[in-house]
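One chain, chain A, links the two complexes that follow: it is found with chain B in the first and with chain C in the second.
Up next, the complex of A and B:
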C-alpha cells in the first residue's frame, strides 16, 4: 500500500492534478470559516457591481481627517472625472491654437492639464470654430477650474427645529481618511451578481455544493456500476444477459435526455441538490458496469480464483478477496471520472433550467444559469461567469489529470 | 455473407428493442411530473376572467383536448396514435400549434449543426492523436495537456468563451440565432451567407470539444498498437516505417469507431447545450422552450427525436463497423 502511494506521487500528472484539487478543496473548507456571511444574502441594490473595494461614503465623512499633500492629486482627480470626449476636445483646441502637434497623448492627464492651463485663452479665435464650440470650451474650462479649486466642500445637516441647514464639517481637497478607521468597508474581489450577491462568497459555496453533488453522484454511479459489473462478470449466464441488456440500453439512450426527462418529471419544488445528484448517479452507472465486467471476465479464470473456488469459498468471499483487489485501482479511477462528469452534468442541467431549485443553495451550474439569463456574457460582466467557468474547468481538469496519472502508474503500456 | 447478415439482423433487432424502450420511457417520465400543466395554460388564458364556471369550462375543454384526465393506458394509446400520425399531439405552450409544427424546422438545424461537427471533430481529433503517438516529444507534450484540458472543459463553457471572444468582443460573428433576425428563410444568396456566418461559432464549439476527447483516445490506442509484437516483427523484417504506420493506424482506428458509437449520445447532449447558449434554432433550443413553458408534449417529442437520432447514428456506425472490421465477421462465423 505504502509503495503504491509512493509510486502514485512520483507521477507528475497526478501530483499536479492533486495539488490543484487540494488547493480548491482547502479553499472551499476554510473560506466559510473566515467569512461567515450567507452566500445567498443580497447585499447590493442593483445588478453587476464591478469588482473592487467599496468604502462607505457616510462613514468616511465621520472618520478622522488627515491632510496629505500628494503629488498629482489634482491631475488624478481630473483624470477620473474627465471623459474621453472632453480630452479629445481639449486636444483639438490645443492643436487648433498651434500649441502642440496632432500626436499629443491625451491619456497623460498631467501634461494635458498643464498645457491647457498655460495656453487656454477664451478670446483667442481659432479659424473654423463656431460660436457654440467656443462656448463649449469656456464651459469646459470653468468646470476644470471647479475641479482644480482649493475650496472646501461643505457638509451641512438639517436642523430639526428650524429646518435650516447648519454647517457641520468642511472637507478640503487634501483631506484623507485612513481606510482602517472607516467603519464600513467591503472588499468585493469579484463584484456582485445579477441579484446583488457577493460573487466570491457565492462561488466558493457553489463549488462546495457542486463537489458534494459530484461526490454523491459519483458514489452512487460507482456503487451500482461496480455491483452490476461484478455480478455480470463473475456469475455470467442469465444474470449477465439481463444486466448487459440494461447496460446497453442506457449506453445508447443519451443520458442527457434521460436526465432532462427525469429532472423535469420531478418538478421544480422537489428538486434539491441531493435529488439531482442521485438522478445523475442513477443515469451514469452504465460505463463503469461495462468496464468492470470486462476486467472481471479476464480475471475469472485465473489460477488463484480457481484455487479459491476449489477450497470451497463462497462467491461473496471470492469476489471480495480474489477479484476486488485486482480491480480496486481501476474502480478508484472510474469514480474520479464519475465525480467530474457528475459536476458537468449538474452544470448542463442547470443551464437548461432543470438544476436544483434556486432558493436554497448556489451551485456552479445555477450561477452559470443566472449569468446567462441576465446576459452577463453579452454585457461584458465577466466576473459573473468567468470565475465560475474557470472553477468548473479547474475541478474537472484536476480530476482528469489525477486519473491520467493513475492510469500511467497502473497501466504499464501507457508509460512514457 | 451469411455471418454478416446475422450480425446485421442482431444489430437491427437490438435497435428496435432500444427504440421501444426509449419510446416507453419518453412517454412515462414527463407524465410523472407533479403539478398540472393544463392548469397553467388555463390560468394564462383566463386572465381577467371573473366567471368561475367559465374558467372551469375552459379547464375541462383543455383537459379533454390533451387527455390528461384519462387513465395512463389510454393516454399511452393516444400518444401512440399521435406519434404514428406524425403530429405528436398539441403543444401546450404554443397551442393551437401541433408539436410536429414546432419541431419540424429545428430538426434540420440540429442535424445540420451536429452531424458535420461531430464528424469533423472526430477526424481531426484522431489525426492529432495518431500524430502525437507517432511523433512523441514536443508535439505530444503540448497536445496532451491541451487535449485533456479542452475535453474536460464543459461544452457550454467553450460555447460561452467563443461567444464572448469572437461574438461580443471582436464582433466577427453574431452572438445568437441561426440566421439574421431580419430575414425570412429562403434560398437567396444573402440568406445562405447569413446562415454560414451564424453557423461558425456553434460549429467550432462542438468541434473543439470533440477533438480533445478523440485525440486522447486515439493516442493511447496508437501507443498500445505501436508496442505490439507485429510492429517489432515488421521492423525486423525491414518493412518500411510508412507501411507499418498504415497498419498500426488501421488497427487503432477500429476501437475509435466503437468509441464514437458509445460517445455519440454524450456529444449530442453537449451540443444541445451549445445550441442553447447561441440560441441556435435547433432541438436544444426547442427543448429549453419546452422546459420554460412546462410543455410536456414538446419535451417528450424532442427527447424522442433526439434519442431516435442517436440510436440511428449508433446503428449506422455499428453496421459500418461490421463491414470494416474482419474480426467481427470472423467472430460471428464461429
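Up next, the complex of A and C:
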C-alpha cells in the first residue's frame, strides 16, 4: 500500500492535479471559518458591483483627517471625471452650437470648462443631435459641476428646531483618511452578482456544494456500475444478458436527455442538491458497468480465480477477494471521472434552469444561470460568470489530471 | 468531338447563368427604388424594427378573434394597437384624454348620461376605398354580441346597443339599472378607444364563408381582411413579421395626420428570448424595444450606444402597472391580517427595485403605496395624508416582529419558526419560471420571511402550469401557491377604477377562468359597494373620498401587496437610424406617450420620427 502511494506521488500529472484539488478543497473548508457571512445574504442594493474595495463614505467623514499634498492630485481628479472623449464631445457641441471653431484647444481645461459653463444649454436643438446624445451632454454637464473648484466641500446638519443647515465640517481637496481608521470597509474581490450577493463568498460555498453533488453522484454511479459490472462479468449467462440489456439501453440514450427529463418531471419544489446528485448518479453508471464487466471477464479465467473456485469459495468471496483487488485501481480512476462529470452535469442542468432550487444553497450551475438571466455576459460583468467557469474548469481539470496520473501508474501498457 | 463541344456549350451556359444571377442581386434597378422581393432585404432606412412584442409565429389576422398571436397588428384594449385596425378614439395615457381617430370631434353624453353620440370622419376610408360609416361601427358591435367574442362578453353588461343614426353618426346606448341610471359610464366611454371598427361588408363575407358558425368564425385566419389603418401584412413566418405601409391610407387627409407615417415597413424579428433581443437592440438591429433589458443604462453609460428611454434617469419609464404579490387567503395563518401585514412590511422593497428591476421602477419612498400607479393624474385621486399612517416602505423587520408578537403568533417550540394555532408558519412563494425580474423579486420576499421567523421557500413552475392554477378561481388554490405574483392593469380610460376592481373586487371569486384579478380570492362587501358606485359618480370630491376609502381598506386588510411599479411599455429606442422618438420634454402637444409607436395616441410617434442621416 505504502509502495503504491509512493508510486502514485511520483507521477507528475497526479501531483499537479492533486495539488490544485487540495488547494480548492482547503479553500472550501477554511474560507467559511474566516468569513462567516451567509453566502446568500443580499448585501448590495443594485446589481453587479465591480470588484474593489468599498469604503463607507459616511464613516470616512467622521474619520480623522490628514492633509497630504500630493503631486498631480488635481490633474488626476480632472482626468477621472473628464476623459479625452468627453473633451472631444464638448468641442463637438460647442462647434455645433456655433460658439467656437473646430480648432479649439481641448487640452486647455480651464478655457474649455469656462466656455462650456457659459454656453451649454440642454434645451438648445442642434441639427442631427439625437435624444441619446442630448442625454449624454446633460450627464456630462452634471459630472463637470465643481470640477475645477478648490473650495472645501461643506458638510452640514439640519438643526432640529429651526430646520436651518448648520456647517459641521469642511472637507478640503487635500484631506485624506487612513483606510484603516474607517470603521466600515469591505473588500469585494469579485464584486457582487445580480442579487447583490458577494460573489466570492457565494462562489466558494457553491464550489463546496458542487463538490458534494459530484461526490454523491460519483459514489452512486460507481457503486451501481461496479456492482452490476462485477455480477455481469463474473456470473455471465442470463444475468449478464439482462444487465447488458439495460446497460446498452442507457448507453444509447444520451444521459443529458435523461437528466433533463427526470429533473423536469421531479418538479422544482422537490429538487434539492442531494436529489439532483442522486438523479445524476442514477443516469451515469452505465459506462462503469461496461468497463468493469470487460475487466472481470478477462480476470475470471485466471489461475488464482480457478484455484479459488476449486477450493470451494463462495461467489461473494471470490468477487471480493480475488477479483476486486485487481480492478480497484481502475474503479478509483473511474470514480474520479464520475465525480468530475457529475459536477459538469449539475452545471449543465442548472444553466438550463433545471438545477437545485435557488433559495437554499448556491451551486456553480445556478450562479451561471442567474448571470445569464441578468445578461452579465452581454453587459460585460465578467466577475459574475468567469470565476465560476474557471472554478468548474479547475475542479474537472484537476480530477482529470489525477486520473491520467493514476492511469500512468496502474496501466501496464502505459508504464514507462 | 461533337460531344466535347456540347459539353463546352453547357458548361459555359452554366457559368454565364451563375455570373448573371450573381450580378442580379447587386445590379442597380431602374430610376425608382425597386420593391424588395422578400422580407430578407428590407431597406434599412425605410424600416422600423421592433422587439419584445411578438413571440412565436403569427396565427391569423382576424380582428374578432383573440387567438391571433399577432402582436404587431392586433391588440385591443386600453391602449389599442392601431397599426392595421383603428378605433374611433385614441387614448393618451399621459394626459388621460381621448383624441379622435376614425371619429370626428369629441364624443358627447346626452343630458341623462345614458347615450354617447359621436361622428365618423368623412375622410375615413377602408383599404378597399369604401368609406368607413356608422353602420360599420354598429355592425361590429352586433357581431361581437352575436358570436360572443371576448369584446362582446366583456361589454354586454354595460352596453345595450350601438346604432347608426345616419352614415356618419353613431349612438351608443348604455345599459341602465333599475333606477334608470347608466350601469357603468366609464366602461361605455372606454369602448370607443379600446375596440376596433371592422368593416361590415367584410364581416358579412366572412359570415357567409363560415356559414355563421361561431367556432369557425373566430378560427378564420382572415387573410383577406379589410382594414382602415396605415399598415397591413407584408410577410410573416416563424422568424419575423413585417407590415408594409398602405400609401393610400386615408389618414394622410388634412382632417387627421395630414401625412403618411414615416417608416414604409414595420418589422419585428422573432427572438428566442430577452437576451437575444437585447443583443439586437445594442447592435442597432432593433429601433424600438418593448422588453425588460436589465441594467439598460449601461448601454449608454458604459458602451456609449445611441440608446435612450423615455426618462433619462431612473426609473427610465413611466410606471403604469403594479406587479403584485397575492396572498392565498385560505393558507394556514394567511387568514390573519397580522401575518399578511408582517410579511408585507418586512420585505426589502429598495432591493427589489434596485436589484430585481435594476432601478426601472419608482421606489416606494418616491411614490408611496396605494392602488394608484405613479402618474400624476392617478396620484391626485386619493388623499395622501389620510392614509399616510397605513403606507409602508418596507424593511421594517422590528415592526413586523412586534406585530406578530402582539398577535400572539410566536415561536412556541423553539425551532426558530413561529407557529399559529400550534402549526408552523411555512409558505411557498411562487411566480412563473424564467420571468427573471419577478423571480428575483420573489427571492427577496422569501428572504424577508426568514428574518421574521416565517419559513418562506420559493418555487417556479412553468408558465403553462402557473397560469392554469392561478386563474382557476372557482376552487381554493392548491399547495405551493401561498404567495404568488401576478400583474395589475396599467394605464387606461377606466383607470384607476378598473385596476382596483381587478385587484380586490369579489366578483372574480368563483370564476372558472379568471384573467381579471383578485386571484387570492379576497372578499369585502364595502369594497364591492364602492367599486359599484365609482363609475356613476361625477363629483370629484366624492370620488376622491371613495378612492381614499378603498386605499385605506386595501392597506389595512392587505389581501395582496405591490412589489414594484412597471411601465406600460419599456419603450427603449436605439437612434442609429431613426430619431425624434417620444421622450420627456420632447415638446409634442398633446404629449406622445412612450408606447412603442404603436399603441393609442402613441402611434403619433410614427408621424414624428425621422432619419438620423437627414
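By our rule, the second predicted complex is superposed on the first by the 349 of 416 C-alpha atoms of A that agree within 3 Å, B and C clash if a C-alpha of one lies under 4 Å from a C-alpha of the other, contacts with A are read in each partner's own complex, and residues count from 1 in each chain.
In this section, contacts are C-beta pairs under 8 Å (C-beta built on N, C-alpha and C of every residue); 3 or more make two chains touch, one makes a residue touch a chain.
These figures come from a predicted structure and were not determined experimentally.
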Check: Who contacts more of chain A, chain B or chain C?
Finding: B
Notebook entry, point to check: Taking the superposition as given, does A:283 touch the first partner, chain B, the second, chain C, both, or neither?
Noted result: neither
Check: Given the touch rule stated above, what does A:385 touch, chain B (first), chain C (second), both, or neither?
Finding: first
Next item on the list: Identify the partner contact of A:109: answer first if only chain B is touched, second if only chain C is, both if each is, neither if none is.
Entry: neither
Notebook entry, point to check: If you stack the two complexes on chain A, which partner ends up touching A:261: first (chain B), second (chain C), both, or neither?
Noted result: first
Next item on the list: Please work out whether A:348 is in contact with chain B alone, chain C alone, both, or neither, and reply first, second, both or neither.
Entry: first
Next item on the list: Please indicate which partner A:393 is in contact with in the superposed arrangement: first for chain B, second for chain C, both, or neither.
Entry: first
Next item on the list: Identify the partner contact of A:363: answer first if only chain B is touched, second if only chain C is, both if each is, neither if none is.
Entry: neither
Notebook entry, point to check: After superposition on the shared chain, which partner residues are touched by A:372: those of chain B (first), chain C (second), both, or neither?
Noted result: both
Next item on the list: For chain A, give the residues common to its interface with chain B and its interface with chain C.
Entry: 267, 269, 353, 372, 378, 380
Note to self: Can you tell me which positions in chain C touch chain A when the two form their complex?
What the structure shows: 274-275, 278-279, 282, 293-295, 298, 300-302, 304-308, 312, 348, 350-351, 354-355, 358-359, 428, 433-434, 436, 439-440, 443-444, 446-447, 457-461, 480, 573, 575, 579-581, 583, 586, 612
Next item on the list: Can you check the complex and tell me which residues of chain A touch chain B?
Entry: 248-249, 251-258, 260-262, 264-267, 269-270, 287, 340, 344, 347-348, 351-354, 368, 372, 377-378, 380, 382, 385, 389, 392-393, 396-397, 399-401, 404, 413-414
Checklist line | chain C-facing residues of chain A, complex | finding: 40, 42, 44-48, 85, 128, 130-133, 135-136, 138-139, 194-196, 267-269, 353, 357-360, 372-375, 378-380
Notebook entry, point to check: Where on chain B does chain A make contact in their complex?
Noted result: 14, 18, 21-22, 25-26, 29-35, 148-149, 151-157, 160-161, 163-164, 168, 175, 220, 223-224, 227, 262, 265-266, 268-270, 272-273, 276-277, 287-288, 291-292, 296, 299-300, 303, 306-307, 310-311, 314
